[in-house]
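Take a look at this one; I'll ask things after.
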Amino acid sequence: MDTYANLAALVLAGLVGLAFVFALYGAVKLLAPSRPYALKNATYECGHDPLGEAWVPYRLQYYAFAIIFLIFDIETAFFYPIVLVWRQIGTLALVETLIFVAVLLVGLLYAWKRGVLKWD
Amino acid sequence: MIEDHPRVGRLQKDAVTESIVLNMGPQHPSMHGVFHMQLELSGETILAARPVIGYLHRGIEKLAEHRTYAQCMVLVDRLDYISQYCNEWAYCRAIERLARIEVPERAEWLRTMYAELVRVTSHLMWFGSVGLDLGGWTPVIYAFIPRERIFDFFEATTGSRLMPNYLRFGGVKEDVDPAEMEALHAYLAKDLIDALDEFDGLVTGNEIFLSRQRGLAPMTVDQAHAWGVTGPMLRACGSTRDLRIDTPYGVYDRLDWESCTDTRGDALARYSVRMREMRESAKMALQCIERMPAGEVRTKVARVLRPPEGEVYVRHESTRGELGFHIVSDGSPKPYRFRVRSPAFMNVSSLPHLCAGAKISEFFAIFGGIDNVMAEIDR
Amino acid sequence: MGLIENAERPNFILTTIDTLLRWGRSHSLWWCNAGSACCSLEFAAMGGARYDMDRIGSGLVRASPRQSDVLLIPGPITKKMAPIFVRVYNQMPDPKWVIAMGSCAISGGAFRESYSMTRGADTVLPVDVYVPGCPVRPEALFYGLLKLRARVRGTSNIGLAHREPIYVPPDLPPEWEAEVREFLGEHEAC
Amino acid sequence: MNARIFLTQLLGALGLIVILGFNVIIMDWWERKLVGHIHRRPGPMHTGWHGILQPFADMLKMLSKEDIVPDRADRLFFWLGPAVAVVPAFMALAVLPLAPGFALADIGNGLFFVFAMQTIMPFGYTLIGWSGHNKWSLVGALRSAAQLISYEIPMLIVALGILLAAGSARLTDIVNAQSTVWYAVKQPIGLLIFFITAVAEMNRSPFDMPEAESELVAGIHTEYAGMKFGLVMMAEYTAMLVGSWMIVLLFLGGWHLWPLPPSPVWLVLKLYLVQSGIIWLRGTYLRLRVDTMMEMSWKYLIPASLANLMLVGVLATTFKGF
Amino acid sequence: MFGQGLLKGLSVTGRRMLGKTECDMYPYRKRVLPPKSRIFLSMRATPDGKALCNACLTCQQGCPDNVIRIEQDPEDRKRAVSFRVNSGRCTFCGICEENCPRHALTFTQDFERATFDKGTLTYALIADGTATGACVIVERTEPEHPASAEGGEDVG
């Protein structure tokens, strides 16, 4: 019961937050003048006509970072249960986690040595 | 490098990305005026940079041909509005050499003092804008505090904070009140040095700042000569060229000072040269106040000057580098040809070479180190 | 919609809202600075510790015109720069104001006779406040800002949409147009 | 579910809006004031008593500014972006306790809920930046995404150390575990790393890459005018509130201030002290370079946070009382 | 040690945060500008409304920016009927003040001249032969110093 009430509260908070944002949009609609014309709605680029498109296949320097990020994010999810019951398990948890972290670190080190961790 | 790996490299080549062309400026917060760079970016890396200038081209050189020599002083002030006294002095020297006008002793001392003071304020402005470019708001506000104090002196003695119109052919406009000089002496000797120490504490030793400047955009002396780079930028690559020593003028040969140089040639070297130059200039201004002889400050010159026919080129160490005035006279009260060799223009010509391959955020660190003034570049 | 601007005639609620909004606007005029020349230094000094325009709520210099209220023209408008200023002005959201700072922006000043200059900002933009000086003292600009605040606070916006036509960017004089086009043509080719 | 609980929760949610609005107003004023005094100038001064009405004036002005939607922008995401940035921060506020158990939803997994919400916020920033069809904001958006993926991990790993010590993910339990000694004393390295990553996650200087005023004109919100820009600022301040609230709860003992009796006053006090510290950083430092920032996380913070976790693990295994 | 510079910076700003501010509080307290400060071109006049100007046109001809317009009295060429200054063009270089043989021109320190109307930037120092309110009233009618520009020739 308590869990459901909490969940409902979270959903409610989200809805109220959205309502708040849209209430502000509504207030702007009411209070602000609106005189759009082509030059005003044109893209701003330091006072020039933009050359070319902005939505192009843009080069992401952190493509490799993103993959390592995924690995580490999942790893934290694996950590989560074990740290909660750490005190019950004791030394075994420490040894197991150490091995896990060592493997991860070796991976990170490999990526580092390969130069993946260089933003370029 | 990941690209060197046979498989990964191929993958990256297969992923087709496009470069975007970005107009940076003229309406941009850290373009120090209305500079316009067309950047071609791949990701955040600059592939090519094309500077576009002329947004502040006011035609000063042409306007000057329609004004008398004295009236040109107004334009010369506005040529480089951060180092006005240096400009005025260079122009006066050109005309004085052309018309063979003697300058009284005290006037030379006064000119030297003002030129060094303006070097301090100019470098303070540069320091503030470097801080602003690198994302800090505090340095620029702090830099304006000593600047305002020196401007107070300028205003009290010459009548204007920025555009003094103070130097005259054959001297300066009027003598300076000794009380003002006393007050300035007290300020330069202690408070300014304290402020500079504070800047060092705030920025110079800051690891974030060092990580952004160290080893960035190195330049060798040969490159600098090839691009016509002068001034603190040139001295930062190891050259000792300083017109105040090489072709002495004013009273520089009688002052106890040394030219600041660095051998690293990177952005940090340019920074440290300018920071040390501020202290040297303050020291020189102090010596000028202490040793200044009494006497006349202005020789009598016809109100409408008609220099004899001929031409002259004068080199002057402005705050940004070698400022040259080439003036051709045809004997009339107006210059026949008025041409300025602007240091900032030459310095900024090195920008496309320096920033190719840099990141966007590195670009601003490089650009700040050049210390350009658009008014002088565009004229 | 624009409740205030499109209103036909004032009533109690509208005037109250209008007064509130005018108060808000006048106390938070943010700058759009296209720092062109000497006067922009004095503008920077006005943000500095001695004058501190943040005291009256105008301390934010927004880089993007979309977020600013006052376009400051701190120097000469050359013919090459004029289209840029017009574009930046037009990209600011309404309501917006323009301050011409210094002789160059008022009339061309020292460069009035030059071939490459416009003779003042009002040839291309609707200027609200003229601040004379060359360069303008920070205090003088501060006074100009106070005057603008008084105007913003004192002018009712009710029914403005009916009274004032949309500001149409002026066409550049044909001879400049040709020059600008010529320049842009070369420029885009590179 | 009965109506009374619903009404209470609705009131609570509205109360959160009050907290959010109050925080934005106070922080807007306090930031300008504090940065002003760092700059040796008074900051807002003449709008009300010491400029206290300044945020209201700004808000009224933003409400009455024209709302520009560029022609080439993606209209839907242009509208949605600020909402995606504000709402998660708002939902995170719902689980943050002000006093023992006094939160809108004191859920058992509160710690990770807050992290989840903090992770959604940069999506909002990315949407904001991408939707404007402006190159400046595009660069800012991608920087924002890069920042997220770099600083998320050390933050989570440091939080694992707290979980390990507290044995519960309920925020109230974590705070109550610090009734005698704060985790700031037990895990100082953790506090340092968490502080750095929290500042980075809330995009504050010296990690304000997505906005980067002097580099990318106005960064992600270059095309945002009027109240939409105000919403982005609101999201930023709320993120700052959530981030410093987490620091206070996890490391600074929440409502505990030994030897004084626990009270929400201490929590609010600590909250605003931490936020003032973040503003102090802004007044002092230059911006990091974006690649330095990324490498700092991967090369230093992640190994350090893993080491911190292992250290805490060893200590917890060795000393039962830790 | 790494971090030393970071801490140093914090100490600098922390000290400043607690120190005094540098602000002038402009609209409430006005700083007295130095008397040499060139802000507002005006003219010396006697209490009975006579301006010191003798309409020699030196200032008008020497002005780089055509700021000054003087209209001479056709009967008495030493008397100006009107003397108008367009401060919207002025660069405040002080050449007019310096060249004035009678030291009639002077600068006052009134800088609060921002205006909504560009036309009001043009003001008269002499209108209808008498000095206007923009003039500074002085007791002496004779110039303080003999003309400093002796030996100079008129601007051609």
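Per-chain numbering from 1; labels A, B, C, D and E assigned in written order.
Everything that follows uses one rule, which is that contacts are C-beta pairs under 8 Å (C-beta built on N, C-alpha and C of every residue); 3 or more make two chains touch, one makes a residue touch a chain.
Quick caveat: nothing in here was measured; it's all calculated off a predicted structure.
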* Structure fact -> Those chains that touch chain B and also touch chain A are C, D
* Using mean Cα positions as chain centres, tell me which chain lies farthest from chain D. => E
* Structure fact -> Sorting chain pairs by contact number gives first A-D
* Asked: Using CA atom averages as chain centres, what separation in Å is found between chain A and chain D?
  -> 13
* To do: Would you mind pulling out the distance in Å between where the CA atoms of chain D average out and where those of chain E do?
  => 53
* For chain B and chain C, what's the span in angstrom between their mean Cα positions? -> 30
* Asked: Any idea how many Å lie between the Cα centroids of chain A and chain E?
  -> 60
* Structure fact -> For chain E, residue numbers touching 2 or more other chains are 6, 9, 12-13, 21-23, 25, 64-65, 91-92
* Junction residues of chain B - those touching two or more other chains -> 20, 22, 26-29, 44, 74-75, 78, 138, 141, 145, 163, 202-203, 206, 208-209
* For chain D, write out the residues touching at least two other chains, lowest number first. => 36, 38-42, 45, 63-68, 135-136, 213-214, 217, 222-223, 226, 283-285, 290-291
* To do: Could you list each pair of chains that touch one another?
  => A-B, A-C, A-D, B-C, B-D, B-E, C-D, C-E, D-E
* Structure fact -> In the complex, chain B touches chain A at residues 1-2, 5, 15-28, 36, 38, 42-45
* chain B-touching residues of chain D, taken from the complex the two chains share -> 35, 38-41, 135-136, 139, 205-206, 208, 212-217, 282-292
* Contact footprint of chain D on chain C as seen in their complex -> 4, 20-21, 23-25, 27-28, 48-50, 52, 54-57, 59, 62-64, 66-67, 69, 91, 93-95
* **Of all residues in chain A, those that touch chain C in their complex** => 29-35, 37, 39-40, 42, 44, 47-48, 51
* Contact footprint of chain C on chain E as seen in their complex -> 21-27, 30-31, 39, 64-66, 86-92, 111-118, 121
